[in-house]
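You will see subunit A twice below: alongside subunit B first, and alongside subunit C after that.
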Partner chain A sequence: MSLDIDKANATVLDRMTSARPMLTTVAPARDVVPGLREGLLLHAGPPIEWPRMSGPLQGAVIGALLLEGLADDEASARAMAESGEVDFEPCHHHGAVGPMAGVISPSMAVYVVENPVHGNRSYSNLNEGYGKVLRYGAYSPEVLEKLRWMNGEMASLLAAALAATDGGLDLRALLAEALHMGDEGQDRNKAGWLLYLKLLAPQIARVAGDWATAERVLAFLGDNALSVLNPVMAACKAMADAGHGIEGSTIVTTMARNGTDFGIRVSGLGDRWFTAPAQTPDGLYFTGFTSEDANPDIGDSTITETAGIGAFAMAAAPAIVSFVSGSPKDAMHATLEMYEITAGEHPQLNIPALGFRGTPVGIDVRKVIELGVTPRVNTGIAHREAGIGQVGAGLVRPPLGIFEQALLAFAELHGLSEPETH
Partner chain B sequence: MSVLRSERRPGAYYDSIVLMQLQSALAAEPGVSAAGVVMATEANLALLESTGLRPAGAATVPDDLLVAVRADTEAAGDDALARLDSLLDRRRASAADASAGHEEDYRPRSLETAVRMLPEASWVLISVPGRYAAGVAKRALDLDRNVFLYSDNVDLDDEVALKRRARSLGLTVMGPDCGTAIVGGVGLGFANRVRRGGVGLIGASGTGLQAITSGIHTLGAGVSHALGTGGRDLKQEVGAVTALQGLDLLARDSRTEVIVLVSKPPAASVATRLLGAALETGKPVVVDFIGYPPPGRQLGNLHFATGLGDAARLAVDLLDSSTEGRKAPAESSGARGLLRGLFAGGTLAFEALQGLRAFLPGVYSNVAIEGVEPLDDPTRSRGHTILDLGEDEFTIGRLHPMMDQTLRLARLRQETADPEVSTILLDVVLGHGSHTDPAAELAPVIEEILERRKRLEIVVIVVGTEEDPQDLEAQTERLSQAGARVFSDTSEAVAHALRRHQAASEELPRVDPAALAAPLAAINVGLESFHASLLAQEARAVQVDWRPPAGGDRKLMAILDKMRGTDTDWMRRESTP
Partner chain C sequence: MSLDIDKANATVLDRMTSARPMLTTVAPARDVVPGLREGLLLHAGPPIEWPRMSGPLQGAVIGALLLEGLADDEASARAMAESGEVDFEPCHHHGAVGPMAGVISPSMAVYVVENPVHGNRSYSNLNEGYGKVLRYGAYSPEVLEKLRWMNGEMASLLAAALAATDGGLDLRALLAEALHMGDEGQDRNKAGWLLYLKLLAPQIARVAGDWATAERVLAFLGDNALSVLNPVMAACKAMADAGHGIEGSTIVTTMARNGTDFGIRVSGLGDRWFTAPAQTPDGLYFTGFTSEDANPDIGDSTITETAGIGAFAMAAAPAIVSFVSGSPKDAMHATLEMYEITAGEHPQLNIPALGFRGTPVGIDVRKVIELGVTPRVNTGIAHREAGIGQVGAGLVRPPLGIFEQALLAFAELHGLSEPETH
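Let's turn to the complex of A and B:
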């Protein structure tokens, strides 16, 4: 039998963990994201059409159409989306990822991450910060105003600052250090954010030309601990993509939610999505909100767990244990549980509290099904209505059924499901 | 003249404490005079420069890990650099030890994780529903662990496959349907609290084991180990794989002085095999095959009990007497070949047959006794044959062989001319009326035969007293000098002969005695109470939070089985003979 799943998985694991994501520049999406044509909007999660989109995603689509100047107001934007004049495709089909609604339109600036080891690239949009933001479906004039500034002044300065570095910023090294400082890379980014700021600040000061611009950009980055989340997500995407497309592998290389469906893709099963309705995260809510307000799970940030951080590295981030119930021991156990369904341990990213054990990486569909243990995901919770924003944060797991679908598809592809003939 | 060797690792982040530790470890490598391990920041490069450790012309960025060593020779420098990864691993391992406590109360979902948490566990206890039990046991064997299989309703085919696989790996499987065992003083499953001591038990009957171990305790003695086999182990299909392994383990176990073998009636062929193996242990073995007709009260080192209480008493008695001069295990012959007995005494022939028939398949005789094949033609032996030369067909027109040995000597030559024959059993009955000096006639013939057949063994039973006219001592001496092995007791002689005729066990790895080593560490899959019981007995134990694989979905389970990594298929292969 030529099918050697363990070997294929080992190859995937090696490619994912040896990938070296370098943040090299910031550029308009239309210039760098492959296949991003005018009239096409990218979104988080698996493919979805307008009628099935949840509130936050529809709001973000409206905002993007307004931003692109394709519609003049909400009503005409809705009409466009409904009429099919606009195309929708997942970010993941274009090497990109975006948190929450994850909408990327051609004029938006994106981070470009290069993996020189395997020669692939990945992209993510810029983080808008907290409050009323497009990724939660807000599209008021001040939201669009901020986006225009980000895509303009901030993006140009970031591009120049990155160009001033020697080959870009090594995001894997940044992550490794951040895990030692109490981040898990998804819900907690305090350390990574400060490291990011510290790496960029001298370059920004060097290339800004005027103090006022430097101050605006540094203040914006410095006010938002999520500034680093998008580059980190792009880094995780670059690592996961390095492992995609290996024949015979059962490792998950994509997990993503669009606010309606949760979808996964598997290295050895090509670009096929396995999807089921997304669940509502179990978590803590900001004052004034309850689970009644929560949108089903949304966003591409699950790329962090796919690459072996986020909830998988929970043991590194005892400060946010309240998401998993309360005690640091629960945080340990969260990570220990993920070792049971992963193919290996990350040679570069490790957790001091677990004796510097590498983070669990490479979700193996076989193990998920055998043990009935689905991956843990740390996530922000969006309000179900467009534009209200984040209402909490917590824990969610993908539906087990999508892993079953993937296993059955794999079995069919390799002739493992026929009755035995002896 | 020293040389500088260096290595650059792009994008490998390590905390500075780690780097300092690495640096001192590298500097301690043979032939290394100085080492520098730094992230390649400007400041660190300057530091290397100042200590003469900066490699020339290497382009670096601050995220690179830079390792440089100054060494006596290039080879020493390269060797030190080559040790980088193992030094890192060593540090990681020691840090892992220090943090092991974090994992302690984690309930693993898989056996693999449990083994990682408790690597010293040599046993996996399995008490999950029968339809899943074989799968868990298979995984345990794949992970190089012995199995205590409490579950019942396991297919016989699966039992055979598991036990064969275990045997080929030097592991053992107690069960399925094994209710009790005591390993290194720790009870697995159901077990009574009994003190430790010198009696080791093997039982295909759980309650039988419990009754005897309790009995031994009550009599003031103790138990080294009690190994369960499961009720079907002694069936023909299974062939007593586990019981045979148990005998071998207990024979080698220094704590075990007396062995007890208890079972419901075994299959006849299995009984012979097992008794044969018991003979070879060289330790007293109490046999209680409930309802099986014993070949006698004692045969060599085997003692046959009439019931559970009797078995306990016998074992304790033997324990008291076994300290003086225990016999070394008989030279495990592998001799094979055929055994031929030429008896003058009818009752001696009968007793010999009674012993032999329990151990050897295919025994023939001119004596009518159950379990022994009649000889069509008494002048021609076949298979293993025991002849009573005092029977009518041999004495017509002749004196009884106790007086006239002519026929017996002729027959002795006839038998030993057959190269298949490897052991001869003879009796010499002294006393008034018997031949006046049988040894004088027998010894030269024995000498002559043994000269020709070096590997042949001639075993002689001499019955008599030192006051007999022939002089017991002189007769024994003469026969011994001729090369015969002389015994005064038939059962001893038979036991000796039998040891030469045990089917030599196939060359398979023996079970690692570590299986019985204390302190016991075990992984429990199934009944929580077994885990609690292990902990209460101060054994180290990990409970697996087990659920049916794939939620019990048979279709998915079948697919997962086929997708399992290496050698997925041994269950099927091993179960087909």
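Let's turn to the complex of A and C:
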């Protein structure tokens, strides 16, 4: 049988864009995330072991060990991580994603997203908001106390509220609307957040046993525009996974960073990662910080670009440039450039300012190499030391080399003497 | 003293754009709207008497007489209106505005907007939502029952919620944010509405005596994206009024339609109206309706364009074209064209897609005549018969003749032989 890459890629594109991610519940990770055994911590990005982890990821690991009660203090947590008593695996190996450090431990509550069209599920942790948070490597008692409250009272109420909806929240519909309201779904989530609150608030109020509980949860979600980021990332994961594993396809189905390496996986190349050192984002820094403070690129939020939003939908979000740098024209050009390296346009997610053209979706490794154009990524910038937090936001691209590696592996797998481009 | 029109216009522009409209309370119109005596009904647009009123305005008058208990049925309400027992005056003569028929009677609750910078106040009625509503001339028992509930339970709770805020809601800040989220503030209010809910919901929940009341009010506001239109219109009225009455200015401070006539007023020409027959909007019709069903242009919502939003901010709202017709490029061009006939750019309200350029604001009668370009207006389209409701949405322009009248009056007032243009 001859290799028909375009046909395989069309199948991937169809599966990714026809997936319908529904947010159905919130539950402890140990109860729902496949393979999340005790003593295992999930993290953002491609596989990595303790010694090579950057500051924020090490900090988040320490915090998770304290949260799980596996260590009593920082020193014992460090010793435990160094000793090899703890296992580390990517979130992506378990259908999950997490922003920044992306650490998920068994007791943490996670969002559950189901894609009824293809029968797959995805997961993401709950967003902690701004300031000192585990995802930037903070692990002080307040950080852990907040996480315990989130995993307890908030998670229970969210689960009950979602159970009161009619089959869950349609996150693709939410995203489609948010793109018409100036979001790109990754660094700008203001509209998605308000839509999320609008959908959940009446259910939360209805199922809460008492008003004080409802108020605490609504205030927490209502004070943090990133509340919607994690469900959106899980939605993108569900869409990308629906397109994974199609033989002969050169479409990227994972892009992720662990703060040290940037890794991708390709639909037709199974679970193999192609990695190289992560870059440091270019962008705008909060007062008091400079690029000297920046950690290399970190987090699974690149799942948004993988699924056709984030930087790929920048043309929908001209106001974002005051946050990530550049001009509204640059935002427009970012999207236009991404059409050059993608397999198609999203039939469900579109951009009014481009005449309602679908977002560019389905990064084709062949086109990336042919044009030498790597995907654009919008991101938050973490301080390189654990626990200091976000120091800015900006733009970054994965290293070109990982796409070269992937295309060579593809050529080898299919016995092609030269990587096929078109 | 020589006439310095540009200087006068700069003063008007500065006053209009530095006004800071704060939504401070909701109260019965009779208690707060200056000069709203019993037996007087306010209506949208320039002055008009009963025989010349269009279907929807006559219907709204009948409804208001029934609501006030001044008539027992349609026939007696009609007889009363015909007999001259009722007085009719424009909302605009009382610092007020209302969408579509815009009828405000003494018992109706109104939003109160204060502009602390210049010390003026403005008012607008509460939005009834979709379907059979007084503003489209419906007056069935359900319509009146809903209004009684709005004027009672809802108005009381809104007043209490606003009292619990710190000095009211800053509507200009809300508008600035909504323009970054794809609204133009007149026909598209999705972001403004969600922001409005976000600001008010916690206060409503906090001050409501019981959860059932809070839920009814939140559900009503939450089911109707137009909830925010009326406060926004009052905000625009407060801004426009701050610029009214500056001697020597050719800036338009009122544009309004009563369903029969389109009228404008000019800052330097006192309270005199310049009117001509209103046009029928061009646009998209809801299923089952055509332009045959359309009433001529009606409502005070043109106060938005007067203050620099609405059609003037279309470039911020490319998604709106699926509602009002045209392409996203047309939306961009609408805003660009309006820069040609306005005195300046809004320092507070801007459009990301135009590189954060301020919206065009301050329609200069001289430029309208010099270029022959009339202001663009976005609007809902009313059925010409009372009570049927909205049949579509679209675009319209005022008749050029009213700007000619105004410029001639200006020339006459200042003893100019030729209207000055530049």
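Operating definition for what follows: the second predicted complex is superposed on the first by the 411 of 422 C-alpha atoms of A that agree within 3 Å, B and C clash if a C-alpha of one lies under 4 Å from a C-alpha of the other, contacts with A are read in each partner's own complex, and residues count from 1 in each chain.
Basically, contacts are C-beta pairs under 8 Å (C-beta built on N, C-alpha and C of every residue); 3 or more make two chains touch, one makes a residue touch a chain.
Quick caveat, the model's predicted, so the values are computed rather than measured.
Visitor: State whether A:Pro318 touches subunit B only (first), subunit C only (second), both chains, or neither.
Guide: In the superposition, A:Pro318 touches subunit C alone.
Visitor: Counting only touches as set out at the top, which of subunit B and subunit C does A:Ala219 meet: first, second, both, neither?
Guide: In the superposed model, A:Ala219 contacts subunit C only, not subunit B.
Visitor: By the touch definition at the top of the document, which applies to A:Ser327: first (subunit B), second (subunit C), both, or neither?
Guide: second
Visitor: Check whether A:Leu194 is in contact with subunit B, with subunit C, with both or with neither, and answer first, second, both or neither.
Guide: Touch status of A:Leu194: second partner only.
Visitor: Once the shared chain is lined up, is A:Val207 touching subunit B (first), subunit C (second), both, or neither of them?
Guide: neither
Visitor: Name the contact category of A:His180: first (subunit B only), second (subunit C only), both, or neither.
Guide: Once the two structures are laid over each other on A, A:His180 reaches both partners.
Visitor: Quick check for you: in the superposed arrangement, does A:Leu336 touch first (subunit B), second (subunit C), both or neither?
Guide: Only subunit B is touched by A:Leu336; subunit C is not.
Visitor: Output check: A:Phe356 vs subunit B and subunit C. Expected answer is one of first, second, both, neither. What do you get?
Guide: After superposition on chain A, A:Phe356 lies in contact with both partners, subunit B and subunit C.
Visitor: Compare subunit B and subunit C by how many residues of subunit A each one touches, and report the one with more.
Guide: In the superposed model, B touches more residues of subunit A.
Visitor: Just to be sure I follow: which residues of subunit A are touched by subunit B in one complex and then by subunit C in the other one?
Guide: 177, 180, 329, 352-356
Visitor: What residues of subunit C sit close enough to touch subunit A in their complex?
Guide: 177, 180-182, 190-191, 194-195, 197-198, 201-202, 205-206, 211, 214-215, 218-219, 222, 318-319, 321-322, 327-329, 352-356
Visitor: Please output the residues of subunit A touching subunit B within their complex, sorted ascending.
Guide: Going by the criterion above, the answer is residues 5-6, 20, 166-167, 170, 172-174, 176-177, 180, 250, 315, 329, 332-333, 336-337, 339-340, 348, 350, 352-357, 366-367, 369-373, 404, 407-408, 410-411, 416-417.
Visitor: Touching subunit A in the complex: which residues of subunit B?
Guide: Touching subunit A: residues 10-13, 15, 61, 63, 91-93, 95-100, 102-103, 105-106, 108-110, 112-113, 547, 549-551, 555-556, 559-560, 562-566 of subunit B.
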